[in-house]
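Shared chain: subunit A. Partners: subunit B in the first complex, subunit C in the second.
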Partner chain A sequence: MKSIHSPERTSSRCTDGDLHGPRNPFEEFQTFAFQKREIPLDQIVQSAEQVMDQIRLGYEKLLEEEAKELVWMVQYNTIIKAYEVAERYIKEIDYTAEDIEDFCFALENTQKIPYLIPGPAGIYISALCNYAKEGEIVLKLSELKTEINLIGFRLPKEKRLTVEGDTGDFTGISLEGGELVVEGNAKNWTGAGMRSGKIWVKKNIGLHTGEWMMGGEIYVGGRVRGLGNIVEGKVFERDKLVYPGKVRYPNQYY
Partner chain B sequence: MKEEKLQAIIREIWPQLRKKHLYPEIPMPRIRSLRDAPEEEGEKGQGVGLEMKEKLMTINPLFISLMEGKMPEEKVMEALLDHGIAHYTFCPWDFQTHLMIYAEAKQVMGDKESAKQVANYFIDVIADTHCVKKKVTEIPELHRHLKKGTVQEVISSLCQKIWGIDLGVSASKSENRTHEEIVRRLARIPYLDRSRWSESIRKFARSLKPLILAEQREQKGKGGKGESNPQGKDDLDHYSYEEIDNGLREYARKTMGLSQFREVVEDFSEELKEAGYGAEGGMGRGRSTPIDADILFYMKLADNYSIPLRKIPLEKGGDLHPHSHSPWEVGSPYQDVDIWTSFGKIMPGVTQVWKKKQGKGREKIEGVPDCLIIIDSSGSMINPRKNLSYAVLGAACATNAYLRNDSKVAVYNFSDAPMGGRDILDFIDDREAIYKALCKYFGGGTALDLEDILPLVKKKSPPDLFIITDMKITNLEALIGFFGQIQNRITAVHIGENPYATRFEKAVEKRKNINIFKVKKKEDIPNIVLGSIREYFNPEDKRR
Partner chain C sequence: MDLLNIGRVSYVKENGYQTRIMAIYQFINHHLYFNRPDIEIKGEPFNSTILFSLLTGLMKGKELIIGEPGLGKTTSAEFIGSLIYQLPLGMIWGSEVSGHPEQTEEKIIGRPDLGKLNRGQEDVVWTHFSQIPVKIVDEINRLPETKQSMILDGVDRGNWEYLNEMIINEEYCLFATANYQDGGTNTIIAPLVDRFDVVVESRYPGPNLSFLIGKSRRKDQILRNPKHEKDLYRVLTSKIAYEKKIPQMEEICNAFGDYLHKTIGIKPLRKEDREQIRSEVETLDLDLDASAFTRMLLSELSFCDRYGQKRIIENCEEGCHFSGYLCHEIKNCASNRLPTSIKLYAQGLAWLLGDSEIDMEHVKAVMPYNLSHRIQWKDEILSQKERAKRDDPFQIYLAKEAVKTLSHRYQEQSEHLKDALAVGSKIFQGEPLEFLEGDHPLYTEIRKDIPPIK
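Entry: the complex of A and B
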């Protein structure tokens, strides 16, 4: 199929055939020249796949290390340790914000990634966001079936992370000055231990919001289901300041 | 005159185009007569270059005129035809792939119109990219001169990036950073990897969604329907009736989801009706009443299963018997294929099917009696119009088996029959009417009224009985007693396991004319052998 014949050669064969024997019924096909052309798409797709392989490998290594703990508990030490491991692998990868989004969807594809452990996955994605080259990252995750926990962990100053869709528990914990925007709902313990920065949740937020929060602001477009024990900082519900305030008490459901 | 000139150009370039695309089986395209152009199309009609209907591509001469001075006529036509042919030879390739792409797009977009729009853009990008990568084509030149709306501008920008060819879309032109970001996202999609199209279309739709929604809002504000696609609409007009039939069958088999199938069929109901799908639901042509998507689902799904039906000696005025051969066509059923003369191959031009002919004289020949299907639609059974019901699927397969052998089928659909919860359909060969009766759901108690069944069973030539139930029947003992009295061949299929089914099995185990099958999952359905009598094929069993 790939062989290329010049027209002259074909015509000489044709004459030979006429003179010396029956004509080849497939003669017409011989002049077909298969032209394989490289287009930039090939390069873009190939390099995106390579980066994805590296990101996947890093995640698998993180899981290997975390698998030593039989139960992955969301505890300060566990999170810090997992984050440090994630940092170690991520620093070596050259990736973009789109790669992070692709990784989030790959997590749901069991053929590509065998395990989705919500804790380490969230830590890993947070580390990816924190070390991304871009200052502004948009993750279009509204079709994702799983809500990712711990997203926005330690988001540094001058970084803005927008998540289209809902997020899980521990969203934006230990925020370090960054801006986290959740276009949907966020679950419990959002903004726990955050030091500075801003969290916008366009819809509703769960319990223990801002637990041990040391500073920064949380803006909620819908309802706040429950506040945590806040040390310092501000929480707004539909533009109304609910913390500090006299009306709301920690962990009360309303 | 102009049309004739253009038709002459097509005649000249068509052999080269066919060769370039490895000789696709597509008729020679034609130029649309200016008289054929609908008046209301007006200026918008000029903007559409290509129409495709049942593999026939038609070029709009007004579009060619619009491109005058920008591109030579033959180049415009070559580019349009390259694009059109790539739809047949690469993407979407077949109707089932088209449905899959649309269904995935709808998951992201939410509504029918924008899903169709985004699926069309996706299909176009793939077809054009395929041509640019694999063929020598004028498509990039055509893109350079096309009139573009906002979305088309972004698509051109994407093509410019992934093809590495200047299409005249400058960075400053592509409005702002948002568009650049969208293009960056779109450029990462592996368009030419067919195995990843379902994942790719989701990503494509996700990235393009804000732009398409904004454009729709803008057009709503203007009161217009928006720009038409210059390369033609990628709708179902492309496909022949047989391709649609085949595609629906495959789609039903792959999804196995009633709601998913229903949604797609309802979204494309206009196009399907246009293609000949009406109340006949896959049998016959012509416009008709709305499509019953649920019935169509069971029809197409049942087509995927073939249940063997054992014949018995019947006194008949001449049965149908294989008489001569005729060529098999794509989309035709396989059951009449003669494997010997087809060399064991399913391939148009090679495969042959038996043509049957009515025999002469009265004699005892092997034949298939009519069948009475007794189906349980009580509350303990699945509602076939809400979820996939194996009972209905099993009964549908049985229906197909009998109808295929030119027998008739009657239906007794029951729930609490003595209280009026039953539907009786006399022996007929109208597949759709039978399926309608099978899909009826009462959802009440479970009791049979044997008085209803008796007239159907006591025919001159005794029919076969096919009962499908979970056996949780209030008057099960009466049914067992009734079965004990009749000699008809009975195939009893029970869904799932329960003490009632065990009781029934025990009670009739010595009856040679009753065969019991259990259906737990769809894979069990082909195991049903209709009307098999043990001793008929195994005399040893009779002696025992």
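Entry: the complex of A and C
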């Protein structure tokens, strides 16, 4: 409650010794030199809120520019363009890996972020990860009801991104040397167009895995539902090399 | 001389009353009540039983002394009462009330004057207990619960009523002793418990001091004087009005005080000395930290976000935001007597140590003893902590732990809390400020104390 009290009521209050009004229960503190201080927790919360506001603003701008009708088609040029827009805003923000996680949580859990569109959200989170100061980032997405697409897009060399939970389509596409670990399942088109780096998916992976992949390695702890047209690179299923290997035909169930 | 070796308490005023009180402390400790120090205040070791009993005598307080049988609960109170009020020990013995199931109002407070009653007149013969300033109730928890209420008013206000008559003790202190629960004890009723300012334990002094106690006989005789005892007895049983007895009693007490000064070198306190001490003590106030800390404690012992205040009949709400505070660990609400007791004893302690203000150390030292008997902990807290390693009785240990935890909390938040109280004061005076926000219950309580604008 932030109530402002009017000065007019001064007359009705008394200090020590006055028997005509209520006694000030705090009178010994009357002379205490009050300074508006902030306790450390307040400062942390305030600064975290400021950063979150900036991150949220960037996401809203991205939606405004790239998903005007709240429809976003995954095409090569739309992804590139969205990523460029995201980069533009993110470069201005001083944030930490924890802020990225907070943003992921806020995507579904606050009224402040009106729309969660899995494509742009994934592009934006990927850009946040790629420009983060930390080399190692953990995103706890297991609580999210929506699976985010495009996580790990263009993850650069010397970055390691761990996702706790499942990811959507296009996970780790255009990977640029980073290491992407998905603790749950990944959907279709994982690792599409990746150039180098490694993707670990602890559980199962969908169709078109490694489509137009140019290099790097994909390790799958569970089942690979189908491989894409792979140009170069390796795919392992439960430690067994499945590409290059016997299965040459894309998207065949084997 | 050894008994006047008070060098450890070097900061008390030269030739002040503090020196005399500390001399009494040392005399009791070295000659009458052998025990080890069990608390440290500002680097000085003290025995809590002697210290708090001295403060009880000086400040007109009410003390409950608990402990195992034969560990000096009653004798410590008798010695201190004798030296602070210049009363011969025999007089104190003769006025003690002992708790037992057959105790009656006539033995505690007064009885009809049978001679006058035969002549058709109604008059009261007051007991010595109701008349003398040092009141000792031995084994109070052997009084049945129904009979404990007989002494409630007398204990609280010093007014003793019988038939249609009443006497009021202007100056009195109360010591009650209680054994731990056994077959013959009863529970002390909550209203009576709350009337005690402090609870201390008279502890086992250790085998070596205990051995010494066995060797030193006749220590009771030091504080006895049959002549003065008879004189006092004569005054107390005389038929004159109680108000007229007081100056006569005082005269005899002064004579006994002079006798003690000559024989043991200790100068007990005359009435004017006690009054002077009390007037000096009353000038001491809590500094801002001590005040804010005490308010913090009171708020934690009374706050309930859900039901407005703690009530013994209501349980905490599941998932309450304030579960980290003391309010979540206790069942009952702090009484208004608690801050009075804290201030009384902290004032006395600060005065005794020669300090000009009551600070955090003083309140932290007295609080556990003011609190321990007044808090009713939840069963889960009791079962969590009952096996913890400790030196104190369980209730005092729990209170000490609570004060320690609270002190840590206060250190973290002190500046912001004081700011919030200062802002509260300014808002109360009408300044257009905003309340300071904070998580502690005290912030909510500050808002509640600002009446709404009409």
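We adopt the following convention: the second predicted complex is superposed on the first by the 208 of 254 C-alpha atoms of A that agree within 3 Å, B and C clash if a C-alpha of one lies under 4 Å from a C-alpha of the other, contacts with A are read in each partner's own complex, and residues count from 1 in each chain.
Quick note on the criterion: contacts are C-beta pairs under 8 Å (C-beta built on N, C-alpha and C of every residue); 3 or more make two chains touch, one makes a residue touch a chain.
It should be emphasised that the depicted structure is a prediction, and the values quoted were computed from it without experimental measurement.
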Thinking of the overlay built on chain A, is A:R223 touched by subunit B (first), by subunit C (second), by both, or by neither? neither
In the overlaid three-chain picture, which partner chain does A:P22 touch, first (subunit B) or second (subunit C), both, or neither? second
Give one of first, second, both or neither to describe whether A:K140 is in contact with subunit B, with subunit C, with both, or with none. first
Applying the touch criterion given at the start, work out whether A:K91 contacts subunit B, subunit C, both or neither, answering first, second, both or neither. neither
In the overlay, work out which of subunit B or subunit C sits against more residues of subunit A. C
With both complexes overlaid on chain A, does A:A48 touch subunit B (first), subunit C (second), both or neither? first
Shared subunit A surface residues [contacts with subunit B and with subunit C]: 28, 32, 35-37, 39
Provide the residue numbers of subunit C that touch subunit A in the complex, in ascending order. 285-286, 288, 291-292, 413, 415-416, 418-419, 421-435, 438, 446-447, 449-451, 453
Using the touch definition up top, name the residues of subunit A that touch subunit C in the complex. 1-11, 13, 15, 22, 24-30, 32-37, 39
Give every residue of subunit B touching subunit A within the complex, in rising order. 19, 22, 107-108, 129, 132-136, 161-164, 181, 184-185, 187-193, 199, 202-203, 206-207
Could you please specify the touching residues of subunit A with respect to subunit B in the complex? 28, 32, 35-37, 39-41, 44-45, 48, 98, 102, 105, 109, 138, 140, 142-143
